[in-house]
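Comments concern the structure below.
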């Protein structure tokens, strides 16, 4: 099993979740994070609105899904397809990380392994 | 003048409105700070209600408004003695309302003034010391200045300084005290890059409640439901809108983005500046005053940011500068057609009475100097007393005052 | 007494203020619960406005205020018939306002009273049953007690019990009903360690709106813009501040931290306790009443916490105990110089009339007993009816009532 | 009629209440949108205060209320000239208040009307263009229609159309302008599945402030503290409660869950519908009007959802349909016992005067057509001007208008 | 060392945290996530409350704890015991994932390895 | 590649992020968590403010960054340096966990491996 962790623009989450469903990846969870990559941040006001500060960390959404080893590539493809703002991709579109998972357990039934995800 | 139920009805409503301003301020300030200090910031204002009301009934009103001498009242109204249903001569005029109406209405001003100061030392001032500061400051700073300006006996009233609803007593006073307080309590930790307000809707809510309540503040100061009250209402509204618009536009040119906090701040600056003028100027004067308020207070904040003074929520820039501009502008734009006074009283520069500026300047200088010195002294003493002190510990500040002082978090699941 | 526009203006404003108290209560309660129940808690209050207004216009006002007998009104004001522009004799006095003003003002009291009860069963009471409970409770509990106390014909009025603005009718009544409700609906699941309020700024906002609106409640009860209204305003404010201060200080000593929720709760306790007294006591009496309210209600909550009764938002400790203290304190501190009544009416212990306590005690006992028994009976019946029942399912409670009953979440992205 | 302090006191309070409605609207709308657009949505309303107040004082009031001709005023009140302490004849009646009171009160209506429209184009309309739109719309749409209906000289006033507090001028007008705006600005991106309101407590807070302020709106329109004001207060309250209850119950049957946003929306629908009728109908008529408002506006939203029109916060369904229903219902339920007019003026169908419907229909049609066409034209022109345009870029919309236009986030740590 | 990541119902968090303490697992952290599994979502109102939408993502809480290899099974058991709504388990009760951790460091002291967790 | 996960005091986040930038570690993301370690919690009021409860879980911030294997040690050092409250470190200063990452993908360009982080 692998954990696939995709950090994407918040406004693309719905599209990514839908795309994952299409490739049969139903189980997943989403967290709100703030992150920094090569993307420039935003300028926001501080105090009474006469000063501004550059915020380098932008709100992003992290989608995590644990999948069987065999599904990794198709899931990555689905995410890339849905997370890009436009056909060519833009800075800030996000990152995907893949890491090993040793075991998965379904709480309700106690099932383990690929059957549990 | 006999007591009139209509006038009394308006002063009752106005008093409720002015009381409501203090929670409005609590939200205005509470939204501007970081989430970990929202409750401590709100509590400064909320406890000002609790503490000042008790002290005002017991001795504050007497010190400020009983006849006394030119500088301070006496003890004849202690515990609201003699504050009853009979009409009372205020500043040489008998208003058609019971003495009790005046005393209640004035109480609301005494609450919000020290609450205004708290913006200067928010996010780091010790709560226990603050409660004592409230009592001392009301007694030794607010009550005397109120006496000077509004008591028929007061020396600033005597020289003909115009202050309809409290530009000197409330705003310059609070703004200057804020400088002393910010200075003595020192800079907050870790705010080099400024603070992003944690809840801007609360800032707007607070500013809106302030705007709403300020109609009581200014139009209630007519102590009657008459044309003067209506004019005060109109010019308050006009100056506020103009200042909000000005600040928003200036911030737009200056920072490329029109800030919502800026628009709200502009509104407050306009409310401040029109306060002393609201019984004396017409709508076009109000446009000028509002425009100046938006401009000067905006740049006041700009300047403050470049200093080392951590007046956290810019009390001086808004209330100090706004108040001074308002006091001087009153000397410029006061017209006898609105003030209804006997010239040269109530006549400003544009009506051909430049000497009025002199009285205004003296009022500004006296308030400025007195408030600065006495506030400084009070805080120095409090800092010195073992067990008190002005500032929380570094750990408490880092954790946030809500958890460390009040044992609460603003928000939970 | 001819109709007076000034008096009418004040009663109009006061009625608006009292209506605004119910949303204030919604936020006070809504902030105290967990986030998953914020809307259901707010909806209890909001729907009290919707339901009671309709029922009051149709039959509630008639039951409470038409002549009828000593215990209940008749049907002569059904559909607000005869509620018109003529002056109306209320409790033996003709107020200088149209009958319609009185009927509207009273309506606002009928709304907030059942809304107060909802704090007892928040986070678990069924919404559908609640709507029916509202109608029944207003009809069978509120209307009769209001008739006893405020109708010229009412038996408690007849024995000379003093209740200026609703200490018995509103607060003891709601506080006692809360006990019956909390008992029958049972403890919430999973609150062994207490509940951390999910939004304390909302608690303060709510308390502030209550404070603001309560000026309408108490000072409006003078039904005129006169000295009595002013005194009610003054003592309301004084007692509230004193109680907020007292609660904050007591909690400080007791828990080592002055709680913001505590200060807000103290303010509400003070508002409750001064309600029956506000037309009869002076500012020094108000200090005493506020001090007692802060103290007794604080310890009331303390005691409740040690019982098994899950009166979730401490309605009994604040409104029940605060109301009883206020009713008795009225018997102590009422002075004829304020009440303006003909002695021995309006005279309390400190003015040399200990017998007043007897009337006060009877009023407390009658309200207590009637409210407890009839509320209990109403809830028992509702629990028994198939398809109703008092409590949501365990799953609904765990999920939170907002999603499970209203299909909404308080907050989203 | 001589000037009366009681009447003036009430109009002062009412003006403050109506001003407070606009921040109420800001929160009502602000809670309904997504969190990334909360400030931009609030700013639409807040800046309406800033911009319209200035424009109204300078020329708006003159255009709307100076004598002029049947269609538009003249320039005689420019800069509030002649708006002074003397009584002023309004629509053939001399109210016992100074002219200034009327001008201030009317100002508040001019603020909220364009703010209402912003619900249609929230989450995507350009802020810079909006400020210009405000000025143009007030000048070319609001001022003329206000003149038609409320000026003694206006042609709709001439044909006997009844509109007590602004059903046509404010609500139909804003509701129809919303259709033009939603149409021209186009659908939001990514809202196929609807938008879940980001802060429902703010929605309820906003609706509650609107309810509270609306007492000023409707009861203040009596321009006196008399029985007519009281009746307006009573029927406003009654219709609002009925509509809130109706909407909640209908949504319950229809969606299986009673929605809190629905109850709040129902209250607003009731407030809208009773507005034109509030000086002319009694409490039972108010029940009928409120019931219709809850029902028709609910289904209005239903229908809108099935169209392609992205009237984001359903301004037409609530203010357009609610306003039309209110205008027609006034023609049905107006009774001379309430209106106090000389028949057939102020008499509706149930009092035997079906012809009234004809006047009402003409008023509706005229407002509808004029507002639609002129709003459309204004927006087309603004869209055409280089550098303006109606809509933000896709990137700005996706990011949220708060950050991209205002450089702020609603909430931070 | 292993990281054990349990995604459970928010109302069960307290029970799980207490259960973990009982088996000696003190260090942990909790995040709010929204997730999708086999559990059907909830229906919520949109707009003015006349429309509804099905939300498939439900609020869940993720509890993460890094434990020594030897403790993995007892921790899993403790979580399953505390996270289930009832004795037989129900859909929506959650998932547990186990993944490898190479190193742990305590910031205050610089200690590493099992001593640091 | 390794994922470095640091759980630190919220008020130290800015310092840690700045320190990471100095050692060339730009990409990262931050989540708010509540956590429990050896640090005692805080006492907060419940209900009307007359009762208190001990909250053992404190708000913390989790900073995650995926770095090339070679950079792990210098990143850890940078974090420790910036996260400590004072020179000697105090309880509650936090934890760092290191775990394996198999792959990283940049969404915009599809680049993989060290080039993508």
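Each chain gets a letter, A, B, C, D, E and F, in the order it is written, and its residues are counted from 1.
Note that in this section a residue touches a chain if its C-beta (ideal position, glycine included) is under 8 Å from a C-beta of that chain, and two chains touch if they have at least 3 such contacts.
Just so it is clear, the model here is predicted, and its values are computed rather than measured.
*Asks:* Which contact partners do chain B and chain C have in common?
*Replies:* D, F
*Asks:* Looking at B-F, A-B or C-F, which pair matches A-D on over half of its contact pairs by residue number?
*Replies:* Residue-number overlap above half with A-D among B-F, A-B or C-F: B-F.
*Asks:* Suppose each chain is reduced to the average of its Cα coordinates; what separation in Å results between chain E and chain F?
*Replies:* Spacing between the chain centres: roughly 19 Å.
*Asks:* Quick one: chain C and chain E, Cα centre-to-centre, how many Å?
*Replies:* Between these chains, centre-to-centre, one finds 44 Å.
*Asks:* Could you put a whole-Å number on the gap between the CA centroids of chain D and chain E?
*Replies:* Whole-Å distance between the two chain centres: 50.
*Asks:* Roughly how many whole angstrom separate the Cα centroids of chain B and chain E?
*Replies:* 51
*Asks:* Give the residues of chain E touching no fewer than two other chains, as numbers and ranges.
*Replies:* As it turns out, chain E has residues touching two or more other chains at 31, 43-45, 49, 52, 99-100.
*Asks:* Where in chain D do residues touch at least two different other chains?
*Replies:* Those would be 4-7, 9-10, 13, 196-197, 199, 225, 255, 257, 259-261, 263, 406-409, 413.
*Asks:* So, with touch as defined above, which chain pairs make the list?
*Replies:* Result for touching pairs of chains: A-B, A-D, A-E, A-F, B-C, B-D, B-F, C-D, C-E, C-F, D-E, E-F.
*Asks:* Would you tell me which residues of chain D are touching chain C in their complex?
*Replies:* 4-7, 9-10, 13, 17, 34-36, 96, 196-201, 204-205, 208-209, 211-212, 215-216, 219, 224-227, 229-231, 233-234, 237-238, 240-242, 244-245, 248, 255-261, 263-264, 266-267, 282-284, 287
*Asks:* Write out the stretch or stretches of chain D touching chain A in their complex.
*Replies:* Where chain D meets chain A, its residues are 190, 398-399, 403, 406-409.
*Asks:* Spell out the part of chain F that touches chain E in their complex, as residue ranges.
*Replies:* By the definition above, chain F touches chain E via 2, 6-8, 31-38, 56-57, 60, 62, 76, 79-80, 83-84, 89-100.
*Asks:* In the complex of these two chains, what residues of chain F are touching chain A?
*Replies:* Residues of chain F touching chain A: 1, 3, 17, 26-31, 66, 99-110, 116-117.
*Asks:* Residues of chain D touching chain E in their complex?
*Replies:* Contact set of chain D toward chain E: 32, 193-197, 247, 251, 254-255, 257, 259-263, 265, 298, 301-302, 305, 313-314, 317-318.
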